[in-house]
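Okay, so chain A shows up in both of these, paired with chain B first and chain C after.
This part shows the complex of A and B:
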């Protein structure tokens, strides 16, 4: 039974997308079905299941881009669903949303996924669990698509949790090493803690509105539902806490750097298109809740502060990492901070635009890092250096990715970061107040740090002399082609939205039945863009000054060793230690042991004492009662099961009969008591 | 629907089976278990027939059989099945063949063992179907005996201690409940004694009487569930019970408590139920968190699973005493879910115990390398138990959270943290048992699951997946009965079930 509903009342220019939208349920379903194909038949296929995984991503990429193109000419807004269960007035539905926001995500997951999956064929060659890897990897993408296509909060939670499961399996892919499993558990559990927030938020909002459908909830917001207004702050905050987990916002960010334990393609997809984008996506999906007056507008200030803290603090940590993947991981955290800050500033388009561009260059940077690691057999930049000659394509694409990330004109990151800065600046004059002004300063400082650590990564990896012991070589074509593809996208993706000149992306994203109510700048803010660019160039210059010189040892090249600050950064602000010592260890250790002790000695002790006392009492009170009859009944029961009864009776010396007999006589006395006294 | 007394047949079939087993000559003891599995499959067939013939969308009892037994006391053979008991009966009939098939490790007194198992099955099904309080009580007690022997004879080293503890705990509850039943039977009817559940529904009990009777019934059920702080018999019983005993204990026996709470306490004592709702919710939430925390430190994997049951059953009780459609329905569904996942976990623990003769988590490590199929199934079931969407645990748990949020928002939020703790103890156990390098030499020689063992688990895995993806058929059957109970409560008291879209007062 398929229920079809097309929404076009909100904006007259929206279409229902026709057949392409009606069949869009295939987008999450095809990867999930092919995943089962890989699990059951993968090992027997000529390419060990990779071909099915690749086919899934190709399908999603083509479908996503087709929708994107169609959406660009005519805005699409469509929703379909199938009923799964009904409880009272509450229905559980599986459905799919095809609108500007979800189409953008389909395209990003598909395109980046296609690049990463292609690359992974080369990277994972010879892996012990090659087929299994692609099954889990396909599930990872499929789960993300379930999340993105969700027309209701319940399905979103389903996708959300499945993404968590897939990430757990992939991070702990090399489970022979305990550290990797610990990292997988950490990712899953930190996310699970934040998920409590998500669950509570979903329930608060769903129960208050009386529906879990986004369309119903957003409609209630548009109508100014007063019941929802009362709970909107707590509901919105709880949802945002959920988002902070998946999108790794401070202080939930600790799982993400450890998640580097997974194979590099996993890191690439996780940081670019799936998983970490989920939180930002959720905020985007529920955006009117945070943007409409009278609802959760106050949560935006929290978002802005959390985002600013994340972008600044984690950016600094990236400066002291030796592991190239960790540098990129912390830079992802920092960039996610930008996205969340933008959402907090009420900039729906700017935040999601940065998600869009970031997906390409961060996916690219991770793949480049993987290519380098593949060549030198080490994650550490102290084992690298001078690789630009041996690995020309990796070098070129890494450079493009780095410059895009640093926000250098005219690459992708420049446009999206500039738009975020402009939005915060606008917000500081329109309700954001002092917080927004301070955050703007932090965001600009963050741009400097970004350029600074990326310059460091480029110089330490590709310049100077090679420090390692392997024989670096360029990766095979199956790996370099995806790099080039993503490199091109990293260069041009920013042109999708240039204020005042071409506002395509803004319109794509606006293809939703509801009005998002965010501000769009009429033209480029040249002053702010200039400042952003200048700061980035300054960061590169400073990085060049510090790290370009050749030096004999890595130690000397990495001269950024300021006392106090360096150890604080190297220890990640001691947050992991704090969590371990203040939360995890007490729960696993003293608290659990104490509870267990109470359980054994107090509760069970009471039970045992009670047992002893009752035996004692029953002996005294019922001595006169003839227990033969009762004994007889029990003996009968025992002999019915043969000699078995004797065995037990022997070991318990018949005490059980005494207990039971006593209890039954007691029961009879109780009844008599009841009857007399009532 | 036919006139065939299918419900009586469900009770009588296992008893006949037990008698048939006694005919097998002692020297042919090797055929006892196959025959027992076959006999329990017949019962399963009857249960499936019941499931198919059951009319969904009907609130009342179906397939009712009623004959008078002893008129002056109003005792009768009265059986019936509704949406609440239906799935539990089917679950019972489903788990017994599996438990018996997993018992091939039993070498000692096999015939007696199989007889005890089949009698246990008859007793459990009788409890679920009985609509006469005395008949119910007879089954309730009758079922104790074979379970006591199963733990006490075929159990582990401290089996006698565990069996006696089990017996005493439940007998204590039974004694008080028996008093309650007699009191209710003689005073609940209109002047004439009656033990008929349906007739007792109309009894007009004073508030005080309801309160005491709620306690008398509730204690027995609370011990069985078990609700904190009556749970300490459970881990001992589980650890010492043979694998099949644990499967039945966790899979079905614990549900009898929750079933009793719904069937008798909610229906017969509505006022007391409404009054005591916060008390039980507090105990439920304590149980959820407490059970999970204690599970974290267990070094014995079987004890860990046992404590996880305390936590999961806490969810069920919270859902039941949320007194909302969603909560109650989620609670009933979660009983079935817990029966499947925990049953499977105990089977898995039994399989590794057979190989290594230890259940200490520290004795394992890196097992996934030697036993990939076993590890995969273990992880699958663990995630089902954690409540991963797409597997059965999620739907029930989420409905319980929604349902309890409607009436008890703060408790619902506290309970939500139990979801995290469940992930902690299971994934941590998985990590220690299955990943990393193999450190203990004996583990190097381990064999992965045999095809027979996989086949034993396969039906459970299939149901876990089915109920996770498409719970509608189950929920459709539960809903009308649950609604009628809540309707009764609303009519009998001034309790009003909170509705959607009206919650306005949050912290």
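This part shows the complex of A and C:
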């Protein structure tokens, strides 16, 4: 296998994309404007605001795909910006980047978003806050597009926080149930903690380079800026901690499974295109920082280890979950682990290619899960079973999604996962060292686990006997059509990048002015691909052996009780308990009490003192200055005017001839005055 | 040409007019007195116009304007007087003190 830093000379033949790129600022702006449209006019529209949300996603999808097609024929790299404010030498800019990386994200957000928004029309039908839901949902997509289109770190942070806000609103959408509010708070707070890392990284790098623009920072890296080299490790690490929060890497992953409290379309979009991809996107956007010698290359080892831990540990938890959405949530964590591991192995293309394919099949799997939940009115797989006859389309598409996720040839996941494995394998021989070799083993084991838990989910949901109480039925067409669309994409998306045969995706992503310096496979590594496929098939076989069974033993076998491992997995490695005891309780207990005491006695005392002084001063002002000074002057002026009026009113006698006399005398006086004074 | 005799005539007419306006009680006579004053002004205009040998004869033309406006003014004035007479059966200016304080 030959690995090359190919297309590094790609910068030479990039176009500026013409009008399509210059008007790309519309991509984040249209959803955000339409969001306000939904907020203010949504309830009066015939479809309660859904049509505006759908129009926004349709616009983004069409625009994104048009850019993708244009980028595929000849690479686009364009950057536009508008100055918003100037503080000293620092310029605050709003801008939009149109290059290979952001175009790929526009297309993914648009296409997956379009499918999810269409589906949500059916899924959310009859919801009490239907219009509000679509307003927040549109904001969610718009915020992600703000993040993706950012040409500088400041705008990225704005998008980053807007995504966090929108996800908070959507996770806690069913706020009547307190648990959902808690889940929303958890997602928000865990993200906030990791965001501190992001802010530190942004400040370190931005201040050192003297500019927050990606192009300036990446140029400084290309020039070997020595000041940046000194802080690159800490800056890169801090940025990566921010990315770990949004992309839910171990140990910040705890918010993501709880985020399942939101409506299923939210989970689908959150896991596929918006939110969790943001961290991987950030690493991809800043990739040369981690890849160039002398800068934050050491962070890559941390990335690889964190990714490997995440992909393995969370994959195991997925095995013991009963809630179908939680299985998928842990699966997302595991796949995000793959992406981060790939980034850590220096494989920019492989990591983002997995993001690309994962967006389609994970979006699909969540929508299928939503369709099932819609039918059986329960999230638990113990209430499902045997649904393949009642819900044929959901079953077929779920199967495609599962096989794609498990990495079965020739579906999308096979190609991207194989490329990740190939990259880690390459890295183990080129600087990654022992860590990369171990991580390669973990990643292959992860492929087995992935196939294993997806087999379990498929069998428990669609095979065996139905155990629930509702009457399952296939979902309406507005929900099944998006499933079919995403199913087709899950099947074929992998063909966008076949090493040695068709390297379209590699070239799309390489359309950036800077050299990424990543490596990717020049041809298929048949041995590694064979191992990956064999391991996945083994996982499916093991899953079939364990869970494809007759109705009687179905329940008994699912418990899967390995003495020590099961309780550890069921309790999610006790991480939530650890956080609750070590972080939440101290804050809720002594710190909160102390803060409350300080608030009541110190801060309130100061505020009350200010209040008392103000009251005293106002009394003086009122009685002394206002009543005796100002009012007196006004009263005097008023009564003087009144008396003057009384005095002169008698001149209005009503005698016309008196007036005429006055007129004549006046005229004479004017003439005399004129004669005297000229 | 000497304008003095015209000016004296105009001054006399104007003074008579002023006297009439200020002293007469009957509203019709007050209106007539106003006409006298306007006539005095017209005489001045025509006299100066002739005296200055103006090519555009603006003095004479202006006098024509004054006569026109005066006609309109008398028309309205007499209409008012008739209405007042109908309402109060008197056209005595002394008694028209509705506008006093």
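By definition in this document, the second predicted complex is superposed on the first by the 579 of 678 C-alpha atoms of A that agree within 3 Å, B and C clash if a C-alpha of one lies under 4 Å from a C-alpha of the other, contacts with A are read in each partner's own complex, and residues count from 1 in each chain.
Just so it is clear, a contact is a pair of C-beta atoms (placed from the backbone, for glycine too) under 8 Å apart; a residue touches a chain by one contact, two chains touch by 3 or more.
Being a predicted model, the structure only gives us computed values, none of them experimental.
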Contacts of A:526 with chain B and chain C, given as first, second, both or neither: neither
Winner by number of chain A residues touched, once chain B and chain C are compared: B
Which superposed partner A:587 touches (first chain B, second chain C, both, neither): first
Chain B versus chain C as contact partner of A:182, first or second or both or neither: first
Touched partner set for A:162, first chain B, second chain C, both or neither: first
Doubly contacted chain A residues - partners chain C and chain B: 652, 655-656, 660, 664
Complex contacts: residues of chain B adjacent to chain A: 109, 111-112, 115-116, 145-146, 148-149, 152-153, 160, 163-165, 167-169, 171-172, 174-176, 178-179, 182-183, 186-187, 209, 212, 229, 231-233, 290, 293-294, 296-298, 325-326, 329, 366, 368-369, 383, 388-390, 394-395, 398-399, 401-402, 405-406, 412-413, 416-417, 419-420, 423-424, 427-428, 431, 434-437, 470-472, 475-476, 479, 483, 500-507
Contact footprint of chain B on chain A as seen in their complex: 83-90, 92, 154, 157-159, 161-162, 165, 168, 172, 175-178, 181-182, 185, 188-189, 192-193, 195-196, 199-200, 203-204, 206-211, 227, 230-231, 234, 587-588, 591-593, 595-596, 599, 603-604, 607, 611, 614, 637, 641-645, 647-648, 651-652, 655-656, 659-660, 663-664, 666-668, 670-671, 674-675, 678
Residues of chain A touching chain C in the complex: 649-650, 652-657, 660-661, 664
Touch list for chain C against partner chain A, complex: 18, 21-23, 30, 93-94, 96-101
